[in-house]
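Two complexes, one shared chain (chain A), two partners (chain B, chain C).
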Partner chain A sequence: MTTQTLSETMPKPTRFSVRNVLQNAGIGLALLALILFFSVFTEHFLTPNNITNILTQITINLVLAVGMTFVILIGGIDLSVGSVMAFAAVVAGKAITLPGFGPAEAIALAIVAATLTGVACGMINGVISAYWALPSFIITLGMLNIARGAALQVSDAQTIYSFPYAFEEFGSAMIYGVPVVFLVALFLVLVAWFVLNFTVFGRLLYGIGNNEEAVRLAGHSVYWYKVAAFTICGFTAGIAAIVYMARLNISSPIAGIGFELNAIAAVIIGGTSLSGGRGSVIGTLLGAFIIGVLANGLILIGLSDFMRQMITGVVIIVAVVLDYYRAKYTSK
Partner chain B sequence: MAAASLAAVPDPAEIPAFLSVDGLKKHFGGVKALDGVSFSLLKGEVHALVGENGAGKSTLIKILSGVFPYDSGSISLAGEDYRPANPHVAKELGVQVVHQEFNLLDHLSIAENISVERMPTTRFGLLDKQEMNRRARLALDAIGLTDVDVKAPVSSLGIAHRQLVEISRALQCKSQILILDEPTATLTERETKRLFDIIASIKAEGVTVVFVSHHLDEVFAICDRVTVFRNGVSIGTDRISDTTPDGVVQKMVGRQLAATTNEADPDRVPGELALRLDEFCTQANPKEKGVSFDLSYGEIVGIAGLVGAGRTEILRGIFGVDPIRSGRILQAGNEVRFNGPRDAIAAGIGFVTEDRKDEGLILDMPIAANISLANMGAVSRSGLLQFSEENRRSRDGGARLKLKYGRISDAVSSLSGGNQQKVVLAKWLARNPKVLLLDEPTRGVDVGAKAEIYAILKELAREGVALLVVSSEMPELMTLADRILVLAEHEIQGELTRPEFSEENILKLAYGQARQAGGQKQ
Partner chain C sequence: MKLLKIAAAAATGLALLAGTAQADDKPVVGLIMKSLANEFFQNMMAGAQAHEEKRGDYKLLAVGMQNETDFESQINAVENFITQGVDAIVVAPADSRAMVRPLKKAMEAGIVVVNFDVALDTEAKKQQNVELAFVGPDNRGGAKLAGDALGKKLGAGGKVVIIEGNPGADNANERRLGFEASVAEFELDLLDSRTAHWETEEANSVFSNMLTAHPDIQGVMAANDSMAIGVVKALESAGRDDIVVVGFDNIPAVGPMISDGRMLATVDQFGTDMAANSIDLALEVVKGGPQLEGWVKTPIELVTAN
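The block that comes next holds the complex of A and B.
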């Protein structure tokens, strides 16, 4: 068969479908256009200082959005990440200020405490929504309240501060003008990209998002894969808590309000389908950049923060409408 | 029951047709759903429509009730051209349908459901509850449900009562023609009898009743005339008094199809026992006792039966998808219990599901990813995908089934139906299953690909795989199977060996005409 010999000569990995490349290229072009626009119309946009600013500003959202990508890929949603981040930060804040530890131990303890808290919350989200096949929208809405309440309870509604100096240093450290915390986020993106594209686990997450029943009938435990996706999302909320603490040197129980919406926006703008099964974490990276560049550039251009918020909203809607047409014309 | 058919039978010669359908055609894309349907309904008769699954009955009902427009041909109702633009217009003209699937709103009351199409209002435009309840009471009383509270929610009713409520809703509007689409499918014998009494009384009021049923005994109990459908064509209309169940079955099958070779495949010798089902009963099975049969290696066993006979449920039960209520599965003499597809797959079983779009394939994902879906271990090392290995295996698997595709990385959705089905097969063959369950293996597949799939399945049997095939297409089963089990209402009505294969014999068993057909040899 001629068609088969043709494919024989092109040992092309299955993961790079033309559609995915085009999709990311489109978002990349949009980002490039934004950057060009702001570079031309503002004086300070394309300065090293401002670029450092943007990278710093998008870091937390990017970290949360990486985890959110996993959940949205399986057709779920996690509304609790902002609250879970605050809860994890408060728990870690309590841990880091425990008396009797050296700075290194205290920091290690805080990192473990934050990630464990995030993982636990994410796992609870996953277990409940997967076991009873309930909409994750509702379950994580519940967790949003639980985690926020827990954060306030644990902290006694007080902001926790006076962290070790080394922690603060980590938060503001730079390598060639690039914030170290942003490199942490970028590292997470790379790990997520690898997991989603090169592992059986990632393959099956895409499969579940597309056709859960087919994956189940092929003998895979859909339940555990779903729990894992939510757990990953909780884990990144824990990492976001550490970044937040290192950046601001406080743990506030009212941190992260509304962060879940920005994370979801980054994922959706990045081209991941809300119904699951389609999208990429590279898209999420670009989506987080688009939100960050817009926020930064619109302020520089002299628009009020309220206008910025309105325009970000418009971008989200435009992204989803575009996605509708993309889905319509690429799948027959 | 007999009382109904004794009522004055209108003589077709005397009375002009009330509704007449002539040369009706309806195509969906390239599929001919109706390809020339002609028949007529008389005022006040009970008229049965019978035919195999997919013969065109449902499409006809949907056209009559205004769901689909028709392509060509003509329908006239009481002398006027009948071309309803939507179901509402059809109802206005007096054509009512009681569908097989329920259209009731579970959480609303019975009264609200009965009036949902035209809610009574007070002078101020508010809902007139009293009037609504009064109407509902009348409607229920009319069909003998005097003991049911109209204010109770529909969800509190059993399935049989829901069906009756649905009928009362249809009756409440003044209808000229009432179409009942398999109304007895969910009813017990007593309720069926009650329904027949109701049909007799509506008929006495001059309403025409169209009765669609898979049960010929019911057709012969209450109908005046019967029209047989086959492959989208109306074969003919008979007066019930002039025909017999056997005659109807023969028309449904079509004589020319009956000639299939009944010779067994000489290369295929059933080997050792692969699976034994012992009083096997899934939760979907309402019957007390389950089904029992054996499946050997190197053998193809077919399961025939009408939709709803419980065929798919057996496969799903074996594969561990649906819970098992009672009974046992024995594999090589040992009892096995699968807690899910994973266990069944580990035991060497594969399951080609009925609906490839919903259950078989991940349409937007590459061909290679679909082929390796049930066999991830072979294409990965410590959880990491080995793409070259995956592509090599997928291409081999595709070549074995003569799969036609552009690139192995193309989405499955880019393939034709037949090739999509081959991908589903390739997915399971990648595991070298010892037992393969297949549910409608060639549905929506063109003739050429069908023949190829048959050849593949026969080859598998020769290699010693045990195959259990569920199909609604009788020629398919007669081509493939060594034995055919015929199922009706979750019970095995009989088993046919190759010399006994004929569509007539299958249909007789499937329609519960078991006794006569059982031992009959060709």
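The block that comes next holds the complex of A and C.
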């Protein structure tokens, strides 16, 4: 009986379903339309340098959005990722500037420090919201403040700088014009896609988003799966911190203010439902591209900052309304 | 035994009383700053605390805020200081209009008020019938120093862009006006002017896109050093070393960039000393000195490689 309920709540792997193709095709078309528009109306949009710029500029948001996808798929939200990124960057910045280490050891230390900080914060978010079944909105809002305060405390509100040269090299390295940091993000997308589609763990996350009770009745520990989703989100915040540091060669305790909202926007524009259970990380990739292309193209067109902000807002709302109709027609 | 205990307790109580009485002899100065998340105010607070220890003849109560726009907590802080009966309030207002009324209340309560860092709005002061001097740097003049350095380097017709601070913030506005004054004086060609909200990563992205739109940019004026760092990184990734960058604030992280030429100049407004100097001025008035008047300008200095 219970297994039957479970299989009903767990949709078939999205890769072959009509629904998924339609979903991503819609976002893909929107992205293509934007690219076409900016290519026609600006002279520099479709140049190799500008494409490299866009890839660099969306990397941090994409990394954060990959983790965010896991949390939103189980029907949660993580408002703390921007602050956690700053905290992880500051801890790693302290580690990388410790005296007495060679460049390689210092970089390794920084990567470990950033990742562990992110994982720890994510795990705390997950444990507290899952154990007491509390809304993750509030718990992660708490963590947003804790991590920001911790970042300021640890750094004494000072920008940390002068990292090893090799770290900077990594941040600006290219392979055929593609930034290496973007390839890191793309690798995360592929891993996430594989995990969400081809592992029991991934399918159960969709199941939890659709019908938590059914997954529980099937004998799975919902608690640990939830903790895992938030921990993954914290992990990607740690990775984002490393990208931030490598790209800018500083750690700033006020980095990443509002980044959580951009990451959520990428996930939602990408067609993942805020109530959980439906969506894909490929959509998130496209969503991050839409936000990045808009931010870049609207500056090239010469639109004022305020108009740019308004248009970004309109796009988010349009995406959600479109998603409503998409859900309505594809679920028939 | 019991008597001894009572005696001891009484003695402790007396000592405590004496302690507070002694502290009461010293004038109490309430210092209200903006966001302590900002390196500039963090350094300023450290400077003020060191100053308290060094002078030793006053008691400092310092408060900061959560963020730059949280002016409600500044108003609360003023009200708390009035209740506590401090002798002087030294304040860097988060909002140049909203703070006028609460500060008027403080002055009416006989507290010496010194306004530093950001000037209160002249109109609002007139409306509320408040006479209050301003102690602070000339943000516009400072930005003009940096802008002029860039103008001299590029000469007439030099193509420049401005990276602005938070739209609506008084110091962001003043610095932009200072840069624009340099643009006018040196007949520079201003291609674009955009905000990056004081932040490194945003400045990096925004400037990269401006550079794509205008590959012929020759100079960049950034309203603070955090954003200048983002610009410098963008230039490095674009492989451009022909573009001149100036910033503002002289934070430690730009030191190496100025000495190796990646930045032309920044402006130091000696934030560490600013609160301390204002406290000195306030204590003068508390001790019966004349009221402060007009604009007491604090030093600003152009910082270059030589």
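Quick note on the criterion: the second predicted complex is superposed on the first by the 316 of 332 C-alpha atoms of A that agree within 3 Å, B and C clash if a C-alpha of one lies under 4 Å from a C-alpha of the other, contacts with A are read in each partner's own complex, and residues count from 1 in each chain.
The definition used in the following text is that a contact is a pair of C-beta atoms (placed from the backbone, for glycine too) under 8 Å apart; a residue touches a chain by one contact, two chains touch by 3 or more.
What you see is a predicted model; the values in this text were computed from it and never measured.
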item	value
Partner chain(s) touched by A:G219 [first = chain B, second = chain C, both, neither]	first
Contacts of A:L204 with chain B and chain C, given as first, second, both or neither	first
Which superposed partner A:D305 touches (first chain B, second chain C, both, neither)	second
Which superposed partner A:R278 touches (first chain B, second chain C, both, neither)	first
Touching partner for A:R326 - first (chain B), second (chain C), both, neither	neither
Which superposed partner A:T42 touches (first chain B, second chain C, both, neither)	second
Partner chain in contact with A:K94 - chain B first, chain C second, else both or neither	neither
Intersection of the chain A residues that touch chain B with those that touch chain C	none
Touch list for chain C against partner chain A, complex	36-39, 42, 167, 192, 194-195, 198-201, 204-206, 208-210, 212-213, 215, 226, 229-230, 233, 236-238, 251-253, 256
Residues of chain B touching chain A in the complex	319, 321, 340-342, 344-346, 351, 353, 358-366, 368-369, 373-374, 376, 380, 383-385, 387-388, 390-391, 395, 398-399, 402, 404-409, 411, 413-414, 427
Chain B partner contacts - residues on chain A that touch it in the complex	1, 3-4, 6-8, 10-17, 198-201, 203-204, 206-207, 210-211, 213-221, 277-278, 331-332
Interface residues, chain A side, partner chain C - complex	42, 44, 47, 49-50, 53, 56-57, 60, 148, 152, 156-159, 161-162, 172, 244, 247-250, 252-257, 295-296, 299-300, 302, 305-306
